[in-house]
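You will see chain A twice below: alongside chain B first, and alongside chain C after that.
And now, the complex of A and B:
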């Protein structure tokens, strides 16, 4: 190696010098970025802490108090838990139903919006920005805002929650599906076009088979998210297990065992659906090649 | 030095490598030939421990490699560099960083995460690149280079490991004849100048014959030939490839020289 490098000493050392210079500059920029990040984090924290009613440092040791109280009471009344879980099971079913209906309608609407808003696939290419902005708006408004508005108009119950979650789902799925569809191969679509297929036929027979596994996996993930969302909407009066949870939490000590039972139910549900959907997703991706 | 004893790999019902045994006394350039699916890649991957073995042992300098675990296994992998058919570089990082990846086993995770390599290592990486004739490309992204240049970056990464063995899995299979020659000559030079053992999977006979000191033939997972390039006659080759009378060596050739003999093939290669 020595004799070869000795043959062209200036050139190699030139390259080395240039590269070292570049690395030094990159390190300097990296260090500065890190410094700015830390300064922003610390100052931001201090501002937020100053504005807090109680202050972070005064409250930090009390963070564990509520869970401790719930756990202590639940432990005391441990043998009541199965009975309470049975009592709240119908409410859980309602929550899951809200999530399922809203996922189904939201995904279907999102699929149509995605196809209309994807470059290369859209029926009216000029209207792509319009459909994209529609999905943006649907995503941007929080579920809870739509739900509160609808509860005010329609009254409490599962229907406002379904509509609110479905709108948000359509917006989110519209974006995800459109990104997947953008990477789909257009040759089959062209093949179908050459035999005189309509736009709907081209999408359903040319694009959908290519992207179906990804679409399904996104839809299942969305279902999981929607279970959580529908539990939260229960807090604002949309029914289901969230409503029961709010009642037992806000009535304070004495009903903490009920809160604990509901937490266990929610946790078990989410774990259950996570396991089911991840198993199903793996099956889909593994089976893709065959 | 290196002893392989009844090395076997089964994937479910299928036996990819079937009780392969051989011994290497001193550093040599060894070519493994055979048609695709013969188990050549699996054999090399087992040597590097990228793939576990089902049965048998690999002993290198009185150390049983097949039993190593965790940090010891990674230490072995750093001593036994691997070069892949598709180069396996990180495409979005620059060439020198890719070469410096050869030192990962010696450095802490945090330091490498922030790309903090010692200056000596950086200088050495560029010297290795210069040795392979691609020092000017040092600051470019790996993905911006041609296939032949990328393969030389991969060889530089292997050299940066300062390995005792270099394993090359079909290093020239996705290169054009000109670049194939440059890469094979680089590997040969590494063996001649540094005295490192090079084990190279090849799918063409003439490359094996031209660059290797010893040739091992594999067919359906079994070792069917082990000898010098001179012993590798057309009859033996037909046996290794399981081919009949129609088999001719130039049909598998990627060498520029070999293509000059039958003119119709030269035309095809450049068409």
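And now, the complex of A and C:
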């Protein structure tokens, strides 16, 4: 008893000292990390600024010029806009179709890849790493690379874009679905196996019903992303609204009303599908929680 | 009784409905694909596709060819890898499958295929299983010994004869005779023919005697490799760095910008509903405009380059992060804030000690997720705005001949994205673990 009370004051100050030391070290580390981060950001900005054709400080007050010119011209020819939008509507439909077809095929392929690459569900467990690496590579190749190579072989048009986006979608979906399916309950699968169900039947009847809401929600999110991707691919020559946008932009002033019409169409489409998909996704995940 | 019958009826109706959807959904998808088949003109694809291009692409990606060119005017013979100026064999040097035999230059293409370049603009080509083809440019037209009906691997007209075999290709036009000999692998990847280190192995360079009297082996070899004029390794590494830089600046810049804005859009921290509503619409607008349009608008102001790409990512991500952050901020635990404010903390201190520690791990892990996907976006945006590896690869694809470079860039891009994926995973794990300590 006596020794404890005697030792207490030194211990408290010991603990306090240790605590302060730890706090200080933590602050030092935090400060250093922050400093490195700031240095990286600033030097990165300087490098990017130096390598750019026009500098940041020269361009920053010109950001509004192009939108202003487009808007002014669009305002001048306000009554032409509905007609122009009607003119470019088929191109917009093509962009949406590219996104839809590539999402459908990509999700189906990604589903199969995910099932083949998930522990406990795979048809050939030894090949799981192989399918995972395939998924990784499919996800890593940017769409634009595949699209440009296919344009060389197949000629311009929507098909190269569809294949390119579908490959990337399959890779991305394959990883996401596999993460979801890993948490699926294996009991229904075992039950189905005990009555002699084939692998396809086990997956379709044992796993799919458990994970369907989650999968559908991801697929919808992917559709939203793919609409943007398909517009960008159009810009490099794969058809659709992006292609029309590049054409109308290359005409320059005097035809800005066409660019404005396409901007409005693209913007409206993205916002529309964004809203629709987020509403349905909320519905799907809510149903799951109940 | 009637209850049972009713329940049975309901169950039967439910089953019917489920069965109907089970068949209707695939049917609708099939009908849609049918519509797409006609809308995208899949049937016409076969006529538009160029299988020859596919063949060139596939074989060029992992093989190279050496051009042997004889000018009909001067009679000079030149050897060049891929027919490029930078790959030309220096004066007096030539590949080891070329031999001199009196007046003739003999090219051994392997497997019995042999080409003899003879004086008088005459070329002889031994094709196993066919015999010897003799072709000559007589000053006005190309004459061959093939007669009126040449085999289908020969394309002959008055001004141009092209012979395509497994051993190699021979093309004779009015101005020159060209022989293409194909080899597997990427040629001159390490050193071009002008470099003294060409043909020396790694061991010889590291431990062998000094090759170039003026430079040490290691420094000289590194310099020649780094500034290899055909593969331009220095430029490629720069380009990859530029792409990662775009992703880094865009992602973290967007996150820094979005954080204060997210506070204004979260119900708990912005009591004024109008402000909240306005902020949310701003986020929706910025996201809706999309990176493509931002890139176009920004490249008008800043010109092409990595900064434009970084800013395009930054602006788009500000919208996305603003939305994600404000949702995370609405879900913070009130108790910690109350605790901090009970000590008399001012609003700013309440945010710093009550809110930030709660949300930072969640937000940072989201940001790191985006860093990886933005690396891929930066490649695509770079192709539009002219910066980074995206620009290099689109240029290489558009010239439609340097497919081995395209293959090289694709491998690098895949490695880059996988590396960023790994990096962001490591940082995220550290973050989550470091916080639980």
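To be clear about the criterion, the second predicted complex is superposed on the first by the 264 of 290 C-alpha atoms of A that agree within 3 Å, B and C clash if a C-alpha of one lies under 4 Å from a C-alpha of the other, contacts with A are read in each partner's own complex, and residues count from 1 in each chain.
Everything that follows uses one rule, which is that a residue touches a chain if its C-beta (ideal position, glycine included) is under 8 Å from a C-beta of that chain, and two chains touch if they have at least 3 such contacts.
In this text, all values refer to a predicted model and were calculated from it rather than measured experimentally.
Asks: If you stack the two complexes on chain A, which partner ends up touching A:23: first (chain B), second (chain C), both, or neither?
Replies: After superposing on A, A:23 lies in contact with chain B but is clear of chain C.
Asks: Looking at the overlay, does A:12 come into contact with chain B only (first), chain C only (second), both, or neither?
Replies: The first partner, chain B, only.
Asks: Considering only the touch criterion stated at the top, classify A:101 as touching first (chain B), second (chain C), both, or neither.
Replies: So A:101 only meets chain C here.
Asks: Report for A:140: first if it touches chain B alone, second if chain C alone, otherwise both or neither.
Replies: Only chain C; A:140 stays clear of chain B.
Asks: Report the partner of chain A that touches more of its residues: chain B or chain C.
Replies: Counting contacted residues of chain A, the larger count belongs to C.
Asks: Considering only the contact definition stated at the top, list the common interface residues of chain A for chain B and chain C.
Replies: Overlap of chain B and chain C footprints on chain A: empty.
Asks: Touching chain A in the complex: which residues of chain C?
Replies: On the chain C side, the touching residues are 29, 32-33, 36, 39-42, 45, 48-51, 53-54, 57, 242, 245-246, 248-249, 252-253, 284, 287-293, 296-298, 300-308, 310, 376, 379-380, 383-384, 386-387, 390, 393-394, 397-398, 400, 406, 409-410, 413-414, 417-418, 421.
Asks: What residues of chain B sit close enough to touch chain A in their complex?
Replies: 96, 114-116, 119, 122-123, 126-131, 135-136, 138-139, 193
Asks: Show which residues of chain A lie in contact with chain C when the two form their complex.
Replies: 37, 40-41, 44-45, 47-49, 51-56, 59-60, 62-63, 65-67, 94, 97, 100-101, 104, 136-137, 139-145, 148-149, 152-155, 157-159, 162, 228, 231-232, 235-236, 242, 245, 249, 263, 266-267, 270-271, 274
Asks: In the complex of these two chains, what residues of chain A are touching chain B?
Replies: 1, 4-5, 8, 11-12, 15-16, 18-20, 22-23, 26-27, 30
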